[in-house]
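Since the structure comes first, as structure tokens, the remarks are kept for the end.
For reference, chains read A, B and C in written order, and residue numbers begin at 1 within each chain.
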Amino acid sequence: MFYREAGQYKSTYASDMAVFPLREDRIGIAVILAVAFVAIPFFGSDFFIASVMIPFLVFSLAAIGLNILTGYTGLISLGTAAFMGVGAYGCYKLTTLFPGVNIIVLILLSGLFSAGIGVLFGLPSLRIKGFYLAVATLAAQFFLQWCFVRVPWLFNYNASGSIEVPQRTLFDIPLTGASASPETRYFVCLGIVVTLTWFASNLVHGKLGRSWMAVRDMDIAAELMGIKLLNAKLMAFAVSSYFAGVAGAMMIFLWYGGGEAADVFSIRLSFNILFMVIIGGLGSLLGSFFGAAFLSILPTALKFGLPALGVPIGGATAEHVTFMLVGALIIIFLIAEPHGLARLWQIGKQKLRTWPFPY
Amino acid sequence: MNAEPMTMTGTPIRDTGEVLLSVEAISLRFGGVKAISDVSFDIRKGEIRAIIGPNGAGKTSMLNCINGFYQPQEGRIVFKGERRAKMRPHRAAAGGIARTFQNVALFKGMSTLDNIMTGRTLKMKKGFFWQALRHGPAMQEEIAHRRVVEDIIDFLQIEHIRKLPVGKLPYGLQKRVELGRALAMEPELLLLDEPMAGMNLEEKEDMCRFILDVNQQFGTTIALIEHDMGVVMDLSDRVVVLEYGRKIADGTPDEVKANQAVIDAYLGVAH
Amino acid sequence: MSDIATRPAPSLLASPMVRFGLILVAILLAIAIGVRLDPTNTLYAIFVDPFQQMVQAPDLLAQTVWEGLVSGVLYALIALGFVLIFKASGVFNFAQGIMVVFAALTLVGLYEKGVPAFLAVIITLGVMFALAVTIERVVLRPLVNQPDIILFMATFGITYFLIGFGEALFGGNPKQMIADQLWLPRGAIDLKILGGLVTLQKIDIAAAVIASLMILLLALFFQYTRIGRALRAVADSHKAALSVGISLNQIWVIVWFTAGIVALITGIMWGARSDVSFALEIVALKALPVLILGGFTSIPGAIVGGLIIGIGEKIGEFYWGPLVGGGIESWLAYFIALAFLLFRPQGLFGDKIIERI
């Protein structure tokens, strides 16, 4: 009724190749962006912005990164958190080395460090596949996490071993540090996430994205068609780690505001992001957002929502329940729809397209 | 366009050009098993060359050698007058060799359009940053290649499945999409590994027509493996017959048909 | 043979000899350059000193190897659980680690509720059986014929569920294993050999003996019983096994239960050495490098791989760890496995990988 493609003719290949070829989709995305940029900062409480929206954005970016690697290129990674950590520590070093440069630029640059490290740990992917590759990424996870603790240069030799987030401003508005308001931090996060998502969407719809998917679906055939496997895989590692690195820098500088970072970037976080990708949908950027929303908001909702409804539930119990729920949901999703929330969304759209006369 | 009539006798009298690819005395072993032993033949520009033989004769291995997937232990392959040392498959692809596979090897998670677009990968030159922007030069390039791909889609009459994921298509269509993907590479030499396996009569006729059209319209040289003798005899200019990794006959379809070794290989011989 | 073939190696570097030679040359070069440029002799400390220490104090070396051997046995036990399930159902069971924790927690939890120790063991076995049945019904059966990766992910789900479930039931605090009540020995034997003292914990010896016994039993079970034969058939081909009337569901329950028994024994042994806590879940990840070394389907491979990893990481930590500040145990195992992979992508006991097209 409301969601129809009838009557929308595409007269150029460019319009057919657009990411959102349907007018309704474009309107939808505009509405979402308007809500994100206008409604949430104006109407959302500080708590909502700081503990729900910022984590959601950070996790979305990390999930997009992992999705590029695992969902699009078919290379499984259990080391996302470590690559995020590289971004965070890289950003910390950058802020000390170049105090004059704007923090947003530094956050974006810090992803390059994790891209480099990601390529390094991606090198074995030429020879090894599947579960075997998981070992290479686990090596990255544990080795890098060890470095975060044992290499004092990374945290500027301070006694606590933690990252100190300096106050940085843009046009005299504090962006990071204690005096930065949640709204400002939210805007920075949102800006970065929207821009990078746009890049990611461009990449996966273009030549590189097709090469990645070709490698995922049938690597031998891809090679016989002239795709250089090593290049495609390393490119996936680089782009994926870049996203993870920026997400990690955002996590420490715009969300946590500093602290003992080595424990944050643990294998648990890697798994969490992997679950976001699975629940959201492998090989779908939109799914990364769904997955991140689901898994980052669920714990908060349980922790604060249930007591509000009168269900007495302690912090620890809430955590246990979250674990059980997440575990059960993963299984349920895999059984019901191995392609995740993104596929459910597509099916829903398809239904809507033919509603109310499905035949 | 050379509208050479294909005669019903199956012996088209055609001028084929100079040698495009020659296989010289190659042998391929897997451990102790000899898949190919000392086979030589050549493929001339513009011809349709069939490779036939019983199961396990080494036909697919031969194609794998030609496009660099396997490296033969002995012998050499000369393509376009150039001797190839050890070659990675993507180099062969860049040199103009495309192929289809015995068991369809499409990218199952991608749409028909994307699958065929993948064939254009080597021809797309715009760098990473333009791709990340997807505007300006990268978009123009994408559109230019889309135009070529749409021509191929029209040619193969698969417009209706353009946006569908190939994993869900029926087998015959998958084979057609795979041919499209190979064509998108604009190859000089097209290797077809059993393009008609598992098809019904109608689909086979379509596929034959496509192969002939490709050969005549685009001038593409074709080497194909096929078990359907009727098809082989009708389509091909010359036939090479393998058995147990050795070449037992080579010549026009009529010559091969009359060859005693070939008859023995196919019908069996009393020992 | 036309469609089966070994793939040519990707490059010159693929020949193990060439690669080994290159690495050797690189090391020698590094030493040569390092000795010149490096007045403090870092390279001496890396390449010479540890070996000198080993020769000069063989008792310390023996002690280190023994400790490595014991943790290797426990890695091997966890890996064994993986192998059992992988062989029979093709599922890479990520949940094996948490099954160990869960089994141990159940045992200790029951004992704390006042159940006698050995009765608690039997009840725990019952719980593991119930778990196996539940997993088969709820997870495996609906997911049959899905790609491996989906099943792998599903075991992540099981892991998370069991973590939450276990913590909700038993609390997240570390617990003491009821070693004495299960007649496990404690104390240590001091051996005066190699010019020094080598201390062997009795519990470690018990662990090694029990692990060996269990492996022997499993091997006999696989080799000589009807169910063992069925298991091997299922491992080769699900469809073929179905076609001769083997019930896949029954087999799956059996292997998951067997893996549960292995998990319980591993849990008791591990718990007796340190304590029962969820930290073991991370340790269980080390089974992955063990499996890489030994191959995913080989029981002897799991054992040898476990020992190599266990000894390798203890020696690495003891002799080379101090050079970089210690704690390298957390990642060394993965690097050992990676180094092996570059030489033998199929693992120590695996068959050569065949690529077809």
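Some notes on this structure:
By our rule, a residue touches a chain if its C-beta (ideal position, glycine included) is under 8 Å from a C-beta of that chain, and two chains touch if they have at least 3 such contacts.
The model shown is predicted, which means the values in this text are computed figures rather than measured ones.
When the interfaces A-B and A-C are ranked by how many C-beta pairs touch across them, A-C comes first. A centroid comparison over C-alpha atoms places B as the chain most distant from chain C.
Relative to the centroid of every protein C-alpha atom shown, the closest chain centre, again from C-alpha atoms, is found for A. Chain centres here are Cα means. That of chain B falls 47 Å from that of chain C.
One finds 42 Å separating the Cα centroids of chain A and chain B.
Inter-chain centre distance (chain A to chain C, centres taken as mean C-alpha positions): 32 Å. Taken residue by residue, chain A touches two or more other chains at 220-221, 224, whereas all remaining positions touch fewer.
Residues of chain C in contact with at least two other chains: 10, 357.
Among the residues of chain B, those in touch with two or more other chains are 69, 88, 101, 105. Within the complex formed with chain C, the residues of chain A that make contact are 76, 124, 126-128, 130-132, 134-136, 138-139, 142-143, 145-146, 149-150, 220-221, 224, 267, 271, 274-275, 278, 316-317, 319-331, 334-335, 338. Remark: chain A residues 12-14, 17, 199, 202-203, 205-208, 210-211, 213-214, 216-218, 220-229, 235, 283 touch chain B in the complex.
Put simply, chain C touches chain A in their complex at residues 10, 92, 138-139, 142-143, 146, 148-150, 152-154, 156-165, 167-168, 172, 282, 285, 288-289, 291-292, 296, 324-328, 330-331, 334-335, 337-338, 341-342, 345, 355, 357.
Of all the residues in chain B, the ones that touch chain A in their complex are 67, 69, 88-90, 92-94, 98-99, 101, 105-110, 114, 117-122, 124, 126, 128, 131-134, 138-139, 142-143, 146-147, 150, 181, 185.
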